[in-house]
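A single structure is presented below for examination.
When the chains are written out, they are named A, B, C, D, E, F, G and H in that same order, and each has its own residue count from 1.
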Amino acid sequence: MHVNGQTYSHREGLTLHALLADLKVNQKNVVVLHGDDIYRAGKIPDAPLDKRDVIEIVTMMQGG
Amino acid sequence: MTTTAFEPTAAPAATDDLTIGGRSFRSRLMVGTGKYKSFDVMRDAIAASGAEIVTVSIRRVEIGAPGHVGILDAIDFSGLQLLPNTAGCKTTEEAVRVARLARVMSETDWIKLEVIPDAKYLLPDPVETLRAAEILVGEGFIVLPYMPADPVLARRLAAIGCATVMPLASPIGSGRGILNRASLDIIIEEATVPVVVDAGLGVPSEAAASMEFGASAVLVNTAIAEAKDPVRMAAAFKKAVEAGRDAFIAGRMPVRAYASASSPIAGVVRMPEPEAPT
Amino acid sequence: MTTTAFEPTAAPAATDDLTIGGRSFRSRLMVGTGKYKSFDVMRDAIAASGAEIVTVSIRRVEIGAPGHVGILDAIDFSGLQLLPNTAGCKTTEEAVRVARLARVMSETDWIKLEVIPDAKYLLPDPVETLRAAEILVGEGFIVLPYMPADPVLARRLAAIGCATVMPLASPIGSGRGILNRASLDIIIEEATVPVVVDAGLGVPSEAAASMEFGASAVLVNTAIAEAKDPVRMAAAFKKAVEAGRDAFIAGRMPVRAYASASSPIAGVVRMPEPEAPT
Amino acid sequence: MHVNGQTYSHREGLTLHALLADLKVNQKNVVVLHGDDIYRAGKIPDAPLDKRDVIEIVTMMQGG
Amino acid sequence: MTTTAFEPTAAPAATDDLTIGGRSFRSRLMVGTGKYKSFDVMRDAIAASGAEIVTVSIRRVEIGAPGHVGILDAIDFSGLQLLPNTAGCKTTEEAVRVARLARVMSETDWIKLEVIPDAKYLLPDPVETLRAAEILVGEGFIVLPYMPADPVLARRLAAIGCATVMPLASPIGSGRGILNRASLDIIIEEATVPVVVDAGLGVPSEAAASMEFGASAVLVNTAIAEAKDPVRMAAAFKKAVEAGRDAFIAGRMPVRAYASASSPIAGVVRMPEPEAPT
Amino acid sequence: MTTTAFEPTAAPAATDDLTIGGRSFRSRLMVGTGKYKSFDVMRDAIAASGAEIVTVSIRRVEIGAPGHVGILDAIDFSGLQLLPNTAGCKTTEEAVRVARLARVMSETDWIKLEVIPDAKYLLPDPVETLRAAEILVGEGFIVLPYMPADPVLARRLAAIGCATVMPLASPIGSGRGILNRASLDIIIEEATVPVVVDAGLGVPSEAAASMEFGASAVLVNTAIAEAKDPVRMAAAFKKAVEAGRDAFIAGRMPVRAYASASSPIAGVVRMPEPEAPT
Amino acid sequence: MHVNGQTYSHREGLTLHALLADLKVNQKNVVVLHGDDIYRAGKIPDAPLDKRDVIEIVTMMQGG
Amino acid sequence: MHVNGQTYSHREGLTLHALLADLKVNQKNVVVLHGDDIYRAGKIPDAPLDKRDVIEIVTMMQGG
């Protein structure tokens, strides 16, 4: 699967919450894109992940 | 204290408010949050600018960086209109996708649309920008498109429902000032939505000039963030934008090919003619 | 830090005062009193400009006009530095004579020296201006000479003891703006006395630009007096001059030939490569 | 004699005060030049005038 | 005279020929045929210009005007490359249709593509121009698109197979000169096809400048046709374009912030120090 | 080649000759002889420029250098008007003295007067230039004074009998082009003697522009001598000056705020309205 | 039918040649568009015309 | 004495010709200033020199 553009080795039974935990993501102020679904921090479901899934975990940064 | 800064006390005539997407603003200076040395300087500079609309970007979090700090952890944007951008997107698809993420992230429908294929001059793609704008307007976004100073494109972007047009003065971050004056004049003359001069302004006088020739607002980032003293420069841009807008409303003097004396012509003390001998 | 940013009333550092003839001023905007529709508008415009140095002229009284009203009957200049000019004088002799009358009239040694032989463009005579300045400096006047934007002449006027140099941006009352930028840059680079950009400024952005490229002050008359709303325009010039000076002190960003992204380059949300079939 | 650039017919015994009175000049805020002498309002002497004298009576006006 | 003009005798180095659509040209000045007072003046002006590429338009014949004279009845274009335009077309469909008529009419595949929705500034539509260019390139036309000075659009037009790009200097027929210098510089820097500066040039020096900063050619119509003496002005543009191209090849001197003496510094005849008394 | 170059064959209308000091010239391009890599390149560049007036300087011979070669040993100036300058002189006295030496040396009364106190920008002193000119005119010299672009000074120099005025476009050898356009326009408007734009021109288009706005001639040195290919650049300046003069005589088109179509408005092939159903 | 943008009253049996004759068109240097077909001068067929036809008769003119 | 701005040690009976010979000046295309007198090449007199004399020997050079 892909997480933030990098390949990530999927494992049986992996869920979104587990993934975020594995990645040690500071979940405050992040938004997660799972396929076409977009979830804001605190509303991220513990969805099961498929090995073809594409995940984006983003936050707000400086910019002009 | 920072909070109060976001509620300017001295209010100009409400009739001169800037209205975008149904919301009114007293400040006509929008600022970016990029390139600051520290969040403290950024915070003080935003306060000093008096800006009510502030741009941000959307980026992937750094994986495995638990202490990762996003801008929301550092800055209190309450009272400000956040304007997330799609900077870095090279295609319509990327820009639309980032806009959707930004909407959820920022809890606003406002989006500064940027579709920029080249990295050297960071110039927007007119065709992709129009395509992306059509999609986003259709999805209910309040779209502020960054665009080349192209009057025909400006008309088309306004026609499809963009909230503003944001033509560039010169390349992003170049500080080269207003290189497209003639095109900006036409865009402003024909405008049916607010015209925001975006990108390239390097000093306050260029922001003042933009307001004098009729821009509705300006957006400044690098010129403030990269100044030796960003906070003082932010205050300078605030004054300059107000000065330019005041001048636009006050109505400038005519330009003359020749001079026109400031002092009375009559009554000058001249040497007398020598007395004729009697 | 943040606090001060929100109280622009707090005076700028005394070290940034403008000093001319041993006297310090906070305002770097000098204004003229010509061409106003009424004394009331003039009074309000001068107040709105925040100017501390105000120019006036010397003229013959109208004989047989008992009710004749001079500017002193209408305006209270207390607290302001009067700067009488020699406008209308075509020769050294006329200018020196008017300067002596002005000194008694205004009870100040300050004189704005103008020796202008032609009426169409009102351009100063470099040779007569230098001659007259030498005489007046010798008589103890504080001489502020109006001059062409000629760096060599500026050096000579400073060398003989003039208190400032006042190069023109464009012809008096033309509103054509800064037409001598390159010469003004050299004058400022070499200056040993304050450089006051005088004549031709038409809008506040031009005053701001003058301060940004290093002028010590600007003098404005027609651009304010002939604006549709002179009082608002005066306030606009006040803000613009402050903005330009702040920017000069804050230190502008570098000018770049190319663009420089305002948003982070890294972490852009890109489309993933299509998964290879397994 | 010349007054403010115009010829003025001198008369025997004419003085500066008399001249100013004749001309109905509002003496407030004026300065008088008599030859090389300059007098401010209130300090104008009642000097006798010669038919070759040159007199300037000036005041402060608007100017840029 | 007319004859010889169409066969330039003095040939510059073949290596400096301009190649468009596989054909080589010695002249880098293209001219239009509009706005001339008479066909005789047009003929002589074209000859004096030395142009080898000449634009024409396609129009409906006047019905019921048996004596109707088209340009082909008046001018012998043998030896010249005709460049029919789609002037007047507001949409892709109209432009494509006129291009097809032009191809049959002119017996050439060359087409100057113009898609211009507005009449006041006659500015080209970037989106429709790209669409129409794609169709016409697909039909085997040699497409020379008139376009806004937009570097991204220029890249896209070249990428789809246009033979040149023809960015505007300023609005058609305005004579305002080069108002888009910065954008033209980028277009030229990135160009993979010849860049022809089209529209707005008012005097020969602007054509020379265009060649000096690297344009491959210029197209001029109104500046010649509306001159008081069109034939002499045509000759002036010919010389100016050659001068500009020569200068580009000869390599300009560097620009310096300061002066650099043209005469030797050493050996100046100075006054000697006064002899010390013995 | 060299020979023919000094006798231009193709003669423009005698009525357009340039007359200075009672002598007529066909070329309006004057060239300097400084900064060339070799005498051979100088010779060919002068020939290619078609110049008929050529400047030189006067310098002390190198003592103890028997093989010392002056320019007269290397270049045949027959057929050319020599114009010795007073370059390097800082005062009236030095300039007058060098002028007298130059007169004997060159066997001509022509002198290019330069009184330049500063070395960084090489700007002429207006007061000393006028003083020196008065003395030299009194001694029967034909004085061509190098001067700041100061209209009042230009009038005074013409009034005392100078043969031309030579205002600078920008600092000598800077190649910065025309930085004093507005002042040059006034000088030309009021001129009673030929106005020669001298110093600072960097490319041929700037020479062409000078002629277009009414200069009588231009003087070029560094832009030719420091070009990568000085001979080709000299030819380019020759064409550009001729182009600019031709354009001045031919009479430029008017400048318009808006566009003006080059192709006929009527007869455009439009899509028909859809047929109403019958 | 439409000819050069103007409506033209069609009549039974009208042909292209007849139309051009009616209109007194100087056929030298013209091109005719009939529907999607384009014919150059001298090669214009005597095609029958329908009342829904759209005809364009064009020539080359001055232009920039 | 001064020659071209440099002090030159004068000797009894020195003349202009002798000076030029001493200095090995290529006299072609030079002009000599002796006090206020100016002489072109070939017309230079063999004038006696005084120790207070100021001499300039110049030629034509490149210049703009």
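In this text, contacts are C-beta pairs under 8 Å (C-beta built on N, C-alpha and C of every residue); 3 or more make two chains touch, one makes a residue touch a chain.
Not measured: the values here are computed from a predicted model.
Looking at the partners of chain B and chain G together, the chains they share are E. Taking the options A-B, F-G or C-D in turn, the interface that duplicates E-H in more than half of its contact pairs by residue number is F-G. Rounded to whole angstrom units, the spacing between the C-alpha centres of chain A and chain F is 71.
Our note on geometry: chain A versus chain H, Cα centroid distance of 93 Å, whole angstroms. We define each chain's centre as the mean of its Cα atoms; on that basis chain A and chain C are separated by 60 Å.
We define each chain's centre as the mean of its Cα atoms; on that basis chain C and chain F are separated by 35 Å.
Multi-chain contact residues of chain C, defined as those touching 2 or more other chains: 32, 34-35, 55, 57-61, 85, 87, 97, 101, 121, 123, 172-173, 176, 221-222, 225, 261-264, 267, 269-270.
Listed for chain H are residues 4-5, 33, 56, 58, 61-64, each touching two or more other chains.
Listed by label, the pairs of touching chains are A-B, A-C, B-C, B-D, B-E, C-D, C-F, E-F, E-G, E-H, F-G, F-H.
For chain A in complex with chain C, the residues that touch the partner chain are 2, 4-5, 33, 52, 54, 56, 58, 61-64. Residues 3-6, 23-26, 28-31, 33, 38-40, 56-64 of chain G are the ones that touch chain E when the two sit in their complex. The part of chain E that touches chain G in the complex is made up of residues 32-36, 42, 55-61, 63-68, 70-73, 84-85, 87, 97, 100-101, 104-106, 172-173, 219, 221-222. For chain C in complex with chain F, the residues that touch the partner chain are 117-118, 121, 123-127, 130, 148, 150-153, 155-156, 170, 176, 179-183, 186.
Those residues of chain C that touch chain B in the complex are listed here as 1-3, 5-6, 8, 32, 34-35, 55, 57-62, 85, 87-89, 91, 93-94, 97-98, 101, 119-123, 171-176, 202-206, 208-209, 212, 221-223, 225-230, 232-233, 235-240, 242-244, 246-247, 249-271.
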